[in-house]
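Two complexes, one shared chain (chain A), two partners (chain B, chain C).
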Partner chain A sequence: MLLIPCPWCGSRDEREFDYGGQHVDYPELNQAGDLPQDAWHKAVHLRDNSRGEIRELWYHRSGCERWISVMRNTLTHQFCDTSNSRQGEGVGDDDAA
Partner chain B sequence: MKYSGLSLLRNAFGSTNWPNILPPSEIRSTYDVVIVGGGGHGLATAFYLATRHGINNVAVLESGWLGGGNTARNTAIVRSDYLLDASFTLKNFALQLWETLGSELQFNLMYSPRGYVDLAHSDGELEEFTLRANAMLLRGADAKILNPIQLKERVPQIELSDKARYPIAGALVQEKGGIVRHDAVAWGFAKSACETGVHIFQHCPLTGFALNGKKINAVKTPYGNINCDKVLVSVAGASSIIANMAGLSLPLESINVQAFVSEPVKPALDVVVNYNAGLCYISQTDKGEFVLGGTSDGYPSYAKRGSFAKIEDVVVRAIQIFPFLSRLRLMRHWSGTADIPMDGNAIMGETPINNLFINCGWGYAGFKATPAVGWFLAELLARNATPNEIKPFSLDRFESGRLIDDSGVGPYPWLH
Partner chain C sequence: MQPNRITKDEYGQSIDRTKLLTFTFDGQKLTGFAGDTVASALLANNVHLIARSIKYHRPRGILSCGVEEPTALIECARPGHKAFPNHKATEVMLSEGLIVKSQNNWPSRNFDAIAALSFGSRLLQAGFYYKTFKWPLWGWPKLYEKVIRKFAGSGRIRFDESADPNESVAMDQRNKFCQILIIGGGPAGLNAALECALQGLRVVIIEQDSEFGGSLLWNKASIDRMSTDSWLANTLDALHQCSNLTMLPNTLAFGHYDHGMLLAYQSFGLDEPGVLWKIRAERILLASGAIERPLVFSNNDRPGIMLASAVRAYLHRYAVRPGHRAVLAITDEKQRQATELELADAGITIAATVNPGEQLIDSTGHRRIRSVAIKTKEGKIVHHSCDLVCVSGGWTPTVHLAAHVHGALELNPDSYTPYAPSQQGCMLAMGANRGIFELEAVLADSENQAKEAMSQIGISVKLGKSVEFQSIQESLEFRISNDRCGSAFVDLQNDVTCSDLIQAVSEGYSDIELLKRYTLTGMGTDQGKTSWVNAVNEIAAVSESPATQLRHTSFRPPYSPVLFAGLAGARTGKFMTPVRKTPLHRVLENLGCVFQHSGDWLYARHFPKQNETMEESVNREVNAVRTSVGFVDMSTLGKFEVKGPGAELFVSRLYCNDVSQMPLGKVRYGLMLREDGIIFDDGTVARLGDEHYLLTATTANADAVWRWITRLAQIQWPNLEVTLTDVSEQWATIAIAGPKSRALLSKFDLSVNTDRLNFPFGTIREGTLPGNQKCRIYAVSYSGEMCFEVNIPAGFGCSFVERLMDVGQEFGITPYGIEALDVLRIEKGHLAVGSEIDGRTTPYDLGLGKMVAKDKDFIGQTLLNRSGLKSEERLQLVGLTAINEKFEIPAGGVVVEQPLSEKSQQRLSGWLTAAVYSPTLKIWVALALLKNGQNRQDDKLWVTSPIAGQSTQVEVCHPCFFDTEGTRLHG
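Now for the complex of A and B:
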């Protein structure tokens, strides 16, 4: 059972959340002009899939209804470094869906 | 040795001197083919390389022990009820192979074609199932659509009340679908492959590749480097980690999948049933335990342990189909790491490295395809040309956009 540290609500049961995938920034995709196909392929399909810490997005569906960004270890399920989740890039009210 | 009535009799009354299924072998310095991963798929490939193509200078490296990974962590269901051509062809060929594989391997795989019943929960869903059943019939598989009355005749234990949260509207039945004893698949392929001269090394993890540009010269193990002409990586949940050693990134995520069994009771269910409002698949083993499984845990994990939330989720659905299950206790529970690609379908074939081939991305749907995967991968390795049956599953399909998304979910592995 994951207890997910929501920076707005505190630690909550994973059943309150929807998973949103790895939190990855692709600044190149926001640049104007034609992009090489490879850039899209990387952004849409390729993931580190690390056995260790990954930064990921969760949507607190049955709570504050915000997207949060947290670091989690995929081998131990420990959460770490949640200190800056509030400033997470692209994570805020506008993105709540 | 060949198992026979005579050998049984001799060992029953004479000296009990059964030979090792895996005779110990010395690691050679060079192999034609090194297969990384001693699961069902890797062992089947080794077996068919030797028996169909005469290539027996083959080593299979297994980091754990045979039958300790996903091959024996699944719920042992085999079926071929797929809509898309590529998915169907492979799984239906596997289903044909399962029928005779036990005698070919001289190992009792206990293939039990008891019928696979896929439940639809609305008229719309039943129509979609009818489309799938018709597609199966056209391609030579067996399939039937049952209305609720016929379904009750086929599976009398089923609860069809309108009061259910997700009432059952009918079902697709594939009578040839059923159960295969999964650990026997690993051991059966291993035994027969060894008899042809293939070497299998347990507790022998891969630690790296000796790369020379776009070619692998050798694989690194704790027991030294092994030179090889070709390498097949077939390591399920560890695919990204092994691919990274060769500098490759794969379009998949590794996600935990759980399964569990109830305490054993007398025979009460003689089919495999799949519940589709959410997911729950159920069968009863010969020992009498009910085997239950559902979807993945829904987020990347290598922990091989899952959340209680998923167990509850599966059990709630199981009880909706068979209310009598609520009186049973769960007895054992386990997890496996499933490698789920961006389109939810497997990846087989060439990689950007010339002599490295990959078989991954089977998620939690790979067991049923085991013999077919071995059959075609052996062909690929022996002939250096990709067989038509596995061409659609190439690694480069993600870059070129020819995805095979059976369920139309999109690039979200945790939802497949």
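Now for the complex of A and C:
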């Protein structure tokens, strides 16, 4: 049972969250033709399945209702970067330690 | 009365001699005291033979005094309650009238017919079943299994006639948070608890036994020139004064999970509801101590052969003298001396002591130990008569919890005992868990580790020096001669002998995980707590590889068996999931509604009048909507507001059809795709203001759509300025449908102009209810009739419906449910999530290709253009009508080219998504996904249901069966 560092609420139990999968950058909308179709295919269907750190999304359903983007080590479950950085928003208070 | 009970007062600290309890064992009436376990009470009555073993039905007694007990398994019931098997006699607290029965014997435990097998025990060696019963092929299901089942397993579940069959105990589950969690209430745990509690931290200490004290309850030594008894009393006194400390006795910590999560089960006695604790701690201190190991020698399983520490515990805690003439075989010198002294003090004669260099090699006795054979240093074999043997081959640290989370344990290279690393994640081990057994060293170590844990969570404490310690003496003389292996038991619970292990290794099962499963070593209710280290040393000796290379098997929760009822907690029966009721529930109930569970929701299904069948009431409800007016509860729809400068673009990207440049008050149908071009959901888009939209989503997808749009707004397009608000539960939604719906609506003073010109189909109007409550009215339709979906603030829903029934009386207003709604939508060929929108269909498949916008960006656009998704071979939505009006189209059927025949199998051309009798058209109609369906208009096909054994000929048509021009929408 993970303890997930929400940048807005602090460390909260996994039961408060929905898992959002790996944080993927999707291509821009409206790009017809073969090349972008390939890019969309990769973004939608292919995942790294890494052994180690991945950036992933969690939805804080029973909390602030924010989607958070955090780095987790799939081997140790350590959360290493909780800056929510891909959102381009402020760094949350981190009292996860 | 109790022949083995010591009357002296200095013994028996755990029992209350003023409270005499009676109980029965296999029908024999016995007595014990409050505070006794079943095991101590049986020993007090000089009962040693408790059960028969699982495989050979050998007589077995009580080995230990706690959770590690492998053999004393009993069936227990309180009078008038259900009986459950496989309780450990050492764990069940005695209560008045308790009915205790022995297990695995027939006809009785003193004379057991199956025990004859033990003479042929060589036949039942490891892998016996695998090797013997593999041929002939028919033998297993028809013969062998039936016979073996009778003998297999441990214990039987018995249903007492007098017990209530529906009796169940709802367990409680509680969450707890603390800074320091300590597992184990022995000297290390108590010392650490005091250390942390005095710093003012929130501390929880868990003890599996009913009493705190651990080894101090039987190990009578001294601490700082103080007796252990007074040290314990002083420490407990101090702890009881700390309000920041929670002490949980009778609590089994059984699972350790990531990030400081620990599960523990607190028991309050047989049949009493227990508590499952979910404890999240910043640091966990593991002070779970160690479990003593028995010795492996020939016939080492006779009743009366007990762990030395257990004998001391029965003496001191329960004032029970388990025997009168004892032989001691204890490898550690200090413990041997202490045991010798204590036993002599209690009036037990020491018949012999096995000294270093000597070896215990055999025993005699049938239902109880009678004598042992000791091989002296000179090689002579000496026999000693006795009725008690105290054995100890060393101590195995209880490190299971340290290994539950990515755990790697350290191994003592000499004795193979596993140690917990001093820290792993947020768990710190102390005392015996790290191989420290000397009392003074244990206390110093626990203080150090407690300080270390506190400093890690930001409490400034002065750290002490690390403790130096000596390891205890452990028995390394495991090998016994091969001719005695057959009855030298390594695992007492599973009847695994040394010769089984030797055989398994010789057959190639030398990997520890394979060997465990092949021989059953370490399985069962005790999970090898007393046997595992002995087994591994035996294997190491046989395979001539160092024990440390064998590693250990994975330790997984639970550490010891936990009731399923405890894991389920109160979430059983109707409490399994919460039931969601719509704001109209009360008024619908009064209207005679029959409800139906769907997901979390309780839906209105239909409204039968007296003596009406469901078919009759549904047809009546459909007819009312088609000819007059009806209403249905649509409050379960998802309703989401989108506001802000980016709202228009946001909504436009969300749906694949054109929803841009909508005038204020306009409503459009919206079809939402996933990124891969497959339809996700459908609903409506309404424009309420320049930068203000209101979206609806289907009931089934309400949560998923909300998650999806918040994700898009927050993660995908953070720069698009939109604010999303979920208003689903704020509105009660009542859809008033039918040709007379406009006339009915005009009877209400909603300050909305309801005439056809001002309020046409595809618009939304905001009005006010009496009392100045806002309402929103959609002119949209799912049934195909003119329809107004009135949204009322949830709390006013019931009163509005009551007025609706009053005012609508002159039009014959009819409430209808989900069944009639389904018939109406199928007649119109409208889509439903889960039926046509099944996670595989595209807009092209469902005949909505023309809706897909060409000149805007939307989600799913790129991948929708994949050529495969436009293939003619895909399944496409069609309507099917029965050729003969009398024929029923079987629901759940498949579409084939020829009628059902037993001789030939046919390729499927498609399947039904919905089939109903249409009361409007007086014929069976169905919607189906049919291969290349859009080009098969007027073809005659068959719908068959092999399960119902039914075939019906059908004709392919457009999926809209009724009012194809849609004129009825406008009224």
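Rule of thumb we're sticking to: the second predicted complex is superposed on the first by the 73 of 97 C-alpha atoms of A that agree within 3 Å, B and C clash if a C-alpha of one lies under 4 Å from a C-alpha of the other, contacts with A are read in each partner's own complex, and residues count from 1 in each chain.
By definition in this document, a residue touches a chain if its C-beta (ideal position, glycine included) is under 8 Å from a C-beta of that chain, and two chains touch if they have at least 3 such contacts.
No experiment lies behind these values; they were computed from the predicted model shown.
Chemist: Looking at chain A, does chain B or chain C touch a larger number of its residues?
Modeler: So, of the two partners, C touches more residues of chain A.
Chemist: Have a look at where A:S62 lands relative to chain B and chain C in the superposition and call it first, second, both or neither.
Modeler: In the superposition, A:S62 touches no partner, neither chain B nor chain C.
Chemist: Would you sort A:I54 into first (chain B), second (chain C), both or neither based on which partner it touches?
Modeler: first
Chemist: Pick one for A:T76: touches chain B only (first), chain C only (second), both, or neither.
Modeler: both
Chemist: Should A:G21 be classified as contacting the first partner (chain B), the second (chain C), both, or neither?
Modeler: In the superposed model, A:G21 contacts chain B only, not chain C.
Chemist: In the superposed arrangement, does A:L29 touch chain B (first), chain C (second), both or neither?
Modeler: second
Chemist: Taking the superposition as given, does A:L3 touch the first partner, chain B, the second, chain C, both, or neither?
Modeler: Touch partner of A:L3: chain C, not chain B.
Chemist: After superposition on the shared chain, which partner residues are touched by A:V44: those of chain B (first), chain C (second), both, or neither?
Modeler: In the superposition, A:V44 contacts both chain B and chain C.
Chemist: Taking the two structures together, which residues of chain A meet both chain B and chain C?
Modeler: 1-2, 13, 37, 41, 44-45, 75-77
Chemist: Inside the complex, what are the residues of chain C that reach chain A?
Modeler: These residues of chain C touch chain A: 257-261, 278, 280, 406, 653, 675-676, 707, 710-711, 714-716, 718, 856-859, 861-863, 865-866.
Chemist: In their shared complex, at which residues does chain A touch chain C?
Modeler: 1-3, 13, 18, 20, 23, 26-27, 29-32, 36-37, 40-41, 43-45, 57, 59, 61, 65-67, 69, 75-77, 86-89
Chemist: Provide the residue numbers of chain A that touch chain B in the complex, in ascending order.
Modeler: 1-2, 13-15, 19, 21-22, 37-38, 41, 44-51, 54, 56, 74-77
Chemist: Sort out for me which residues of chain B touch chain A in the complex.
Modeler: By the definition above, chain B touches chain A via 240-241, 249-254, 298-303, 307-309, 342, 398-399, 411-412, 414.
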